[in-house]
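Each chain gets a letter, A, B, C, D and E, in the order it is written, and its residues are counted from 1.
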Amino acid sequence: MSTSATAGPTGPSSGTGLSAAVDLSPKSRPGERVITVVLQLSAYASIAITFGIIAALIQPVTEFFSEVPFGDFFAFDGTYAVLPLVTATLMVTLIALLVAVPLGLGAALYLSEYASRRARKILKPTVELLAGVPSVVYGFFALTFVTPTLLQEILALDVGFTNALAAGLVLGVMIIPTIASLAEDAFSAVPQAMRQGSLAMGANRMQTSLRVVFPAALSGVAAAVVLGMSRAIGETMIVTLAAGALKQFSLDPRDGMQTMTGFMATTAGGENPVGSVAYNNLFAVGMLLFVITLVLNLVSISFVRRFRQVY
Amino acid sequence: GGDAGSDTGSGDSESGAVSGSVAVDGSSTVYPMSVAAQELLNEENPDIQVTVGEAGTGGGFEVFCTGDTDISDASRPIEEDEMAVCEENGVEYTELQVATDALTVAVNADLDVDCLTTDQLIDLVGPKATATNWNEIDPSFPDQEISFFFPGTDSGTYDYMAADVVGDESEVLRDDVESSEDDNVLVQGVSGTEGAVGFFGYTYYEENQDTLKALQIDDGNGCVAPSAETAQAGEYTPLARPLFIYVSNSSYADNAAVAAYVDFYIENLSDIAEIGQYIPLSDELYSETQSTLESIGS
Amino acid sequence: MASATSADTFPNMSSLGEAHVDNERRLPAKPVNPVMETRDLNVFYGDFHAVHDVNLSYGRHEITAMIGPSGCGKSTVLRCLNRMNDLVPGARVDGEVLYHGQDIYEKRVDPIAVRTQIGMVFQKPNPFPKSIYDNIAYGPRVTGMKVDNMDDLVEEALNGAALWDEVKDKLKQSAYGLSGGQQQRLCIARTIATKPDVILMDEPCSALDPIATARVEDLMLTLRNEYTIIVVTHNMQQAARVSDRTAFFTARPDETTGNRTGLLVEYDLTSTIFSAPGDKRTEDYISGRFG
Amino acid sequence: MSIAATTARQVTLATGKSKDKTPVSLAFLIALWFSMFFGVLVLLALIVNTAIDGSTRFDSELLTNYASIVRPESSGFRAGILGSLWLMVFTALLAVPLGISAALYLEEFADPTTRWNRFVEVNLQNLAAVPAIVYGLLAVAIMALLGFQNAGIVLGGALALALLILPVIIITTREAVRAVPREIRQGSLALGATVWQTTWRQTLPSAIPGIATGTILGLSRAIGEAAPLVVVGLAGSVLFDPEGVMSRITALPMQIYSLTSNSREELQQAASAAIIVLLVMVLGLNALAIFIRNKFQRSW
Amino acid sequence: MASATSADTFPNMSSLGEAHVDNERRLPAKPVNPVMETRDLNVFYGDFHAVHDVNLSYGRHEITAMIGPSGCGKSTVLRCLNRMNDLVPGARVDGEVLYHGQDIYEKRVDPIAVRTQIGMVFQKPNPFPKSIYDNIAYGPRVTGMKVDNMDDLVEEALNGAALWDEVKDKLKQSAYGLSGGQQQRLCIARTIATKPDVILMDEPCSALDPIATARVEDLMLTLRNEYTIIVVTHNMQQAARVSDRTAFFTARPDETTGNRTGLLVEYDLTSTIFSAPGDKRTEDYISGRFG
C-alpha cells in the first residue's frame, strides 16, 4: 500500500507493486475515427435519398404548375385533373383495406394469442410470403383469374375486364402480411403479465384477446392499418394491370379506373414527349403521391411511438 | 450513337461478320416489328446485340434526340419540339415508314350494324359523345345498349383515334368506357358483350374474325372495310396510319451493326410487318422507303 | 442486531416486525380439512423435470408461505394450483391437485372455472390498461357473474383491498396513474371482486418499496379472515411475519444431466420452521448460509 | 366460507365443458383460422391457376431460349432471368454494405436521443414505405447526375432497386443488431474494447444470420419489382446475355409485364410459365431466409 | 463447502459459516489512501435524479460491498466507477470519481483506458459466443496488450479464476457449454486476463446456485490479495461473508414528483454495519423488515 505518492497507483500487472502513474490519457485511434465517419455518412445517405426524391420531383413539378393552374390539377375534369386518379386510388385502397384489415388482424391475433411457438415459427413466414409475391404476378392473377373466373363467372358480377374491385381484392391480399405482421408485433408486445392477469380471473382466451390484448395494442394496430394503407396507395403494377388505364371519375367499384400509380406507370411509357406538360403531369402526380404516403407514414410512426410507451 | 451503340461494328458490310450493339426504343406499337427484326437478324448473326425498348413514341424520341439510342420507333411523325431537341444535340436522322396500321372499329358479331360514317364514329366515341344506345346514332340501328372497350389513354392507338380521327382539340375520347392497355382484353370484351364496340389494330381483328365484326367506315366515299388492300391503297380513311422508324444518320454511318440491322429490317420488311401483325407497305411505299434508306449515307 | 439466523432467531423476529395482534394463533400441527392439496405433484417443462413429488396441503383461512432459493420451483407449484401452467407451452403436470377433494387436473374440469375460484396475484403489478373501475369490473363481467350493482361491487372490492379511500375520486382514471403499491392492491382488489375462494400470490411485494410492502402484508392478514391465501416469497422475514405455515423447497441437481429439480424439503408451522427447522438445508437457507 | 358455498363451487368446477369452447369462442377461433389461412389459400389458387396455364411450357427452352415472337411456342426467358440475377447481385453490392453501415451507425454509435438522429430514424421508416415507382424516378435523376445518358442498363436498374431496398435492409439489420444482448456489448466494453471493436468483433458476427435474413428478403422484393424498372427504361426485348454493369438488359418481371398485353395464346402460356419461374426464385429466396432465421439465429 | 463470513466481529455470523483463515483482518476505520473515491457523485437519467451526493472511498485490496433495496442506485454508482454509464443514453454524471487521485470524468481521460484498469463482472454471466480460449484472449487482443504467449496468459487467468482444471481439456469449445457458475468464473477470468487494478462486480452471484455462489465467493476472497474489489449485492449474507466494508444505500421519494432518488445512508466496516448499524434504515433493512 502506497504511503509515498498521493496518485501512486499500483502496477496492474503485479497488483501489489507501484507504477509511475496510471495513464488514462486518450489514445488516438485514427482508424476508428475514419470508420465512424464512414458509417455516419452511410446513415445520412437515407436523408440524401429523401432530399434526392424531392429534388428529382421538384423541377418538373414547378414547370408543370407554371403552365397548368392549380385549379386545373386539383379538378375532377380536364386533361390534367388529378382528382379522378385520387378517388380511384382511394376506392381501390378502401377495398383493399376491407379485405386486409379483418383478415390481417385476425391472422395476427391467431398468431400471437393462439398459435404455439412452433406453429408461429412456421405460420408467420408463410403469411409473410404473400408480401413477397411480385406485384406483376398479382396483377396477372387479377386479370386472368379474379376478374374472369371469380367475379364474372362464380359471383356473376357485371364487372368490366378491368375494374377497381379485382384490383382492390388482390391488393388487399397483398397487404395482409403488412398488417398482420405489424399488428402481431403490437399484440406480442402486450406483456404476458396482462394476459395472465386476465386468465387468472377466469376470462377465456377470446375475452382476453378482445378485451385486454386488443385494446392494449390499439395504437400498434392503428399503425399497422395506416402502414398497410400507405402500401396499398403506393402499389403500382397490380392496379396498372387490373384497375385499368382509363382516367375517369367513378364511385362504382365495378368500373375500371386509373389510379395515381397506374397513371404514372403508363405515362412513363407513353407517347408524350419528355418535358411536355403532359409528361410533367407524371411528376406532379408523383409528388402528390409522395406527400400522401409521407403523411400516412408519419401518422403510422406516431402511433407506433405511442404503443411503445404504454407499458 | 449512344454508349451502347458506340462500339463501331467490325468487319465488312456482310451482316454475317458484323458485331456490335444497336439500341432501339420508342413506340410500343412498332415494338413487335423491331423485335421481329432483332430476332430474325440474330438468327443469321448472333453477334449483333440489339435491344428494343417500348418507352412509347415520346419517351423514345427523348432518348433518341439526346443520342442515347440509334433508332426510335414511332407511331406518329416526330413533333416540332422533339425535332428541336434533336437539332440541339446534333442528332440527324432519317424517317423510314415501315408499315401501315389500320385501326379497326369492331363490334360484337351479333350486332346488326355494318357501316359508320366518320361523323357517326365521332358521335360514338368522341369526348362529347353521349349515345348509350345504337339507335341514338342512327334510328335504323337496333335498339341495343352500347358497351365500349377502348385502349388505354397512353397507347398510340388511343391517341391516334383521339387526335387524328376525332380531331377534337382536347385529344380525348368519351370516358364512360372500359379500357385496357391489353388489346387482347378488348377483343375479348367486344366479342363477349352484346352491343359492344371497340377499336384496336387491324391484325387483332384479323385474328379474331370469327368472333368479331369489323365496321366499314364511310369517309365520304362509301363504306370501306378494313383490309390490307384498302389500307395500303389509302382507301381506308381516316383510320389507317403509317408506322415509322427513325434512324440516326451518324449511327448508321459509323456503326456497322446499326447499318446491318436497318438494312436487314427494310430488306425483310413484309415478313416483319406480318409478324408484327401490321399491314405491309404497298410496293410503291416500299420502294420509297428503300430509296430513302439508300440516301442515308450520302 | 443479527441477520436472520437459526435457533434463537425466530423469537426475536416478532420483536423486529411489529407483531400483528391476530398473529397469535393456535393452529393444529397439520391443516385439518384442507382447501387444497397436492399429491405427488411432478411438473415437467418439456424434458426438464422441474418439480418432484410435492405433497402439500393448504389450510382454510390460513396463509401458507412457500420459500426457497431461486429456481426451486415455488412459482411452478403455485401455478399448478389454478392451472395457470396450462398456459406455459410444453408444461406437463403429473399427480393430483385437489381442491375441496376434487382433482382440478381431471379431464372434465374447466380450467377457467378453476381460475374463477382460485385467483392469483403476480409479482409485478399487472393492471389492465383501463380505468381503475374497469379493472375491477373486468372479472365479474368476463365470468358472467350476476351483479346487481357494479358500482357497489367495485367499492366493496376496493375497500377489501384497503384502496377505496385513495382512489374513490379517480375511478375513471387509468390504473397506470397509480403508484406501484397501489397498483398491486388494485390487482388484489380485482381478484377479490370475483369472490374467489383461494388467492395465490407470487412474490406480491418484491417490486414494492417498504411502506407499500407493509400495507400489502397488513392486507394479507385481513384477507385471511375471508380467503385462503398461498404466497410465494423470497423474503424469509415476510414469510415469518405473515404466514401460518411455511413450506421450504430446494433444488437438487440431477447427477447425470445436471438439471436441477425442485423438491419440498420441509413443511410445518411457520414458527417451527423458523425456530426449529427439522432439516439441515432449511436451517442453512433461513440462516442465510446460501440463497 | 360456508360448507354450502363449498359444495356449490364443486358443482361449477365439473361442468365438463370448457368456457373456452362456448359457441361464440369457437366461432371466433374459426374466424381467426380463416384469416390465417385465407392468404395462403389465395397464394395456392394463384400458383395452381398459373401453373395450369403455363403447364405446356415447363421445358428447358423456357430457361435457355431468348424471347421469340417469331416462334412463340418456344419463346424463353433467358435474358430476363440472367438480367434479374445480375440486377440482384449489383443491387446487393450497392445496398448491403451501405445498409449495414448505416444500421450499425444508428444502432451502435448514434445517440438516439438527439433530434437529428430521431429525424434520421423517422426518415428511414418513411423511405421504407415510399412507392417503388418513385424510386425509379430518383434513379433516373441520379444516373443523369452521374453522367450516364442511359439509365436502362444494369447499373441504372440496380441503383433503383438498391434505393428501394436500402431502408428495408437498414431496418432489418438494426433489428438483428438490437437482438444481440446488451450484456455481450457491455462485457466487451468493460474489457477496454472500443465501440468499433465491440461492434466488429461481437455484435456484427452475432447478428449475421439476422442480417442475412433481412438482406435476402430485401433482395427477393427487388427481384420481383417491375415498376421502377419500367421508369428507369429497361429494354423489353434483349436477345443476348448481360456482359457488364453498362450492359443493356431486361428483367424477368418486366418481360412478364410486357407479355400481359400480348394476345397470343403461346405467349400467354409462356408468361404463366415465367411467373412460376419468378415465383420459384422469389419464394425460394424467402424459404432460404426462413431457413437461415430458424437454423442460425441464436435465441439468447 | 466453505462459505465465507467476515471476521469474528459478529459472533453469530461466524458460528454459522466456517470462518476463512485469511479473513481475520484488522482494518482501519476508514480506507487509508483509497484506490477509488467518489465525491458528491450525482447521477441523472435524463431529468430523473437517480443518485444523490454519494461520497465513498474504496480501499486497496479490500472488498467493498454496496447493498440496499432495489432501485436505490447501487448499480448506477458502480457503473460510474469505470464510466460504463457513458454508454447509457441520457445518463449524466456530476461530481468527481477519483482513481488514484485522478478524476476519471475529466475531459482528457479516455474512458477506454479507464475500463482497461477497472474491470467489471456482471449479474448475468455474459460470455461471448466464442470458445473459452477466445473469451479469455479477447481482452488482451482488443486492448493491444503485449502478450508473449497467449496460451500461458489464458492458463494463468483461468487458474486465477479457479477454473483451469475444469476447462483445460475443452478450451476450444464454446463458452456456452459451461454451467452458469463456470460461465461466471469465466467472466472473472476474462476480466483478470487484462490485468486490471480494480474489479467491479454487479450482483455476480444472483443468477447462480448455492454451490456456484460459494465458489465465486471463495474466489473473491482470493482475488482480494491482488485486486481491489467492489461488489453490489442483494444478498446481505453475502455482503457479510465476503466484504470488508459495506455501504448501505436506500431511495428517498421526492415529495413533489414521487421519483425515488438513491442516496448513501451509511458506510462502515462490514462488522459494524451488521452488528451495530448507526442508522434506523440500515437496521430495518438488514433485519429484513423490508426489501
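The rule we apply is simple: a contact is a pair of C-beta atoms (placed from the backbone, for glycine too) under 8 Å apart; a residue touches a chain by one contact, two chains touch by 3 or more.
Everything numeric here is computed off the predicted structure, so don't read it as measured data.
A.B. asks: Spell out the chains that contact subunit C while also contacting subunit E.
C.D. replies: In this structure, the chains that contact subunit E and also subunit C are A, D.
A.B. asks: Looking across all chain pairs, point out the one with the most C-beta pairs in contact.
C.D. replies: Among the chain pairs, A-D has the highest number of C-beta contacts.
A.B. asks: What whole-number Å value describes the gap between the mean CA coordinates of subunit A and subunit C?
C.D. replies: That gives a centre separation of 46 Å.
A.B. asks: In whole angstrom, how far does the Cα centroid of subunit A sit from the Cα centroid of subunit B?
C.D. replies: Measuring from centre to centre gives 40 Å for this pair.
A.B. asks: So which bits of subunit C are touching at least two other chains?
C.D. replies: 112-113, 116
A.B. asks: At which residue positions does subunit D touch at least two other chains?
C.D. replies: Residues 18-20, 194, 260 of subunit D touch two or more partner chains.
A.B. asks: Would you pick out the residues of subunit B that each touch at least 2 other chains?
C.D. replies: Residues 54-55, 59, 181-182.
A.B. asks: According to the definition of touch, which chains form touching pairs?
C.D. replies: Inter-chain contacts occur between A-B, A-C, A-D, A-E, B-D, C-D, C-E, D-E.
A.B. asks: For subunit D, which residues count as touching subunit E in their complex?
C.D. replies: 111-113, 181, 183-194, 197, 201-202, 205-206, 298
A.B. asks: Show me the residue ranges of subunit E that touch subunit A in the complex, using the header's touch definition.
C.D. replies: Result: residues 32-33, 35, 60-61, 99-102, 104, 108-110, 112-114, 117, 195-197, 225-227 of subunit E touch subunit A.
A.B. asks: Can you list the residues on subunit A that touch subunit C in the complex?
C.D. replies: Of all residues in subunit A, those touching subunit C are 116-117, 191, 193-204, 207, 211-212, 215-216, 310-311.
A.B. asks: Write out the stretch or stretches of subunit B touching subunit D in their complex.
C.D. replies: The touching residues are 2-4, 21, 23, 25, 31-32, 34-36, 38-40, 42, 46, 49-55, 59, 63, 66-69, 181-184, 187, 204, 207, 275-276.
A.B. asks: Write out the stretch or stretches of subunit A touching subunit E in their complex.
C.D. replies: By the definition above, subunit A touches subunit E via 1-3, 6-10, 12-13, 15-16, 21-27.
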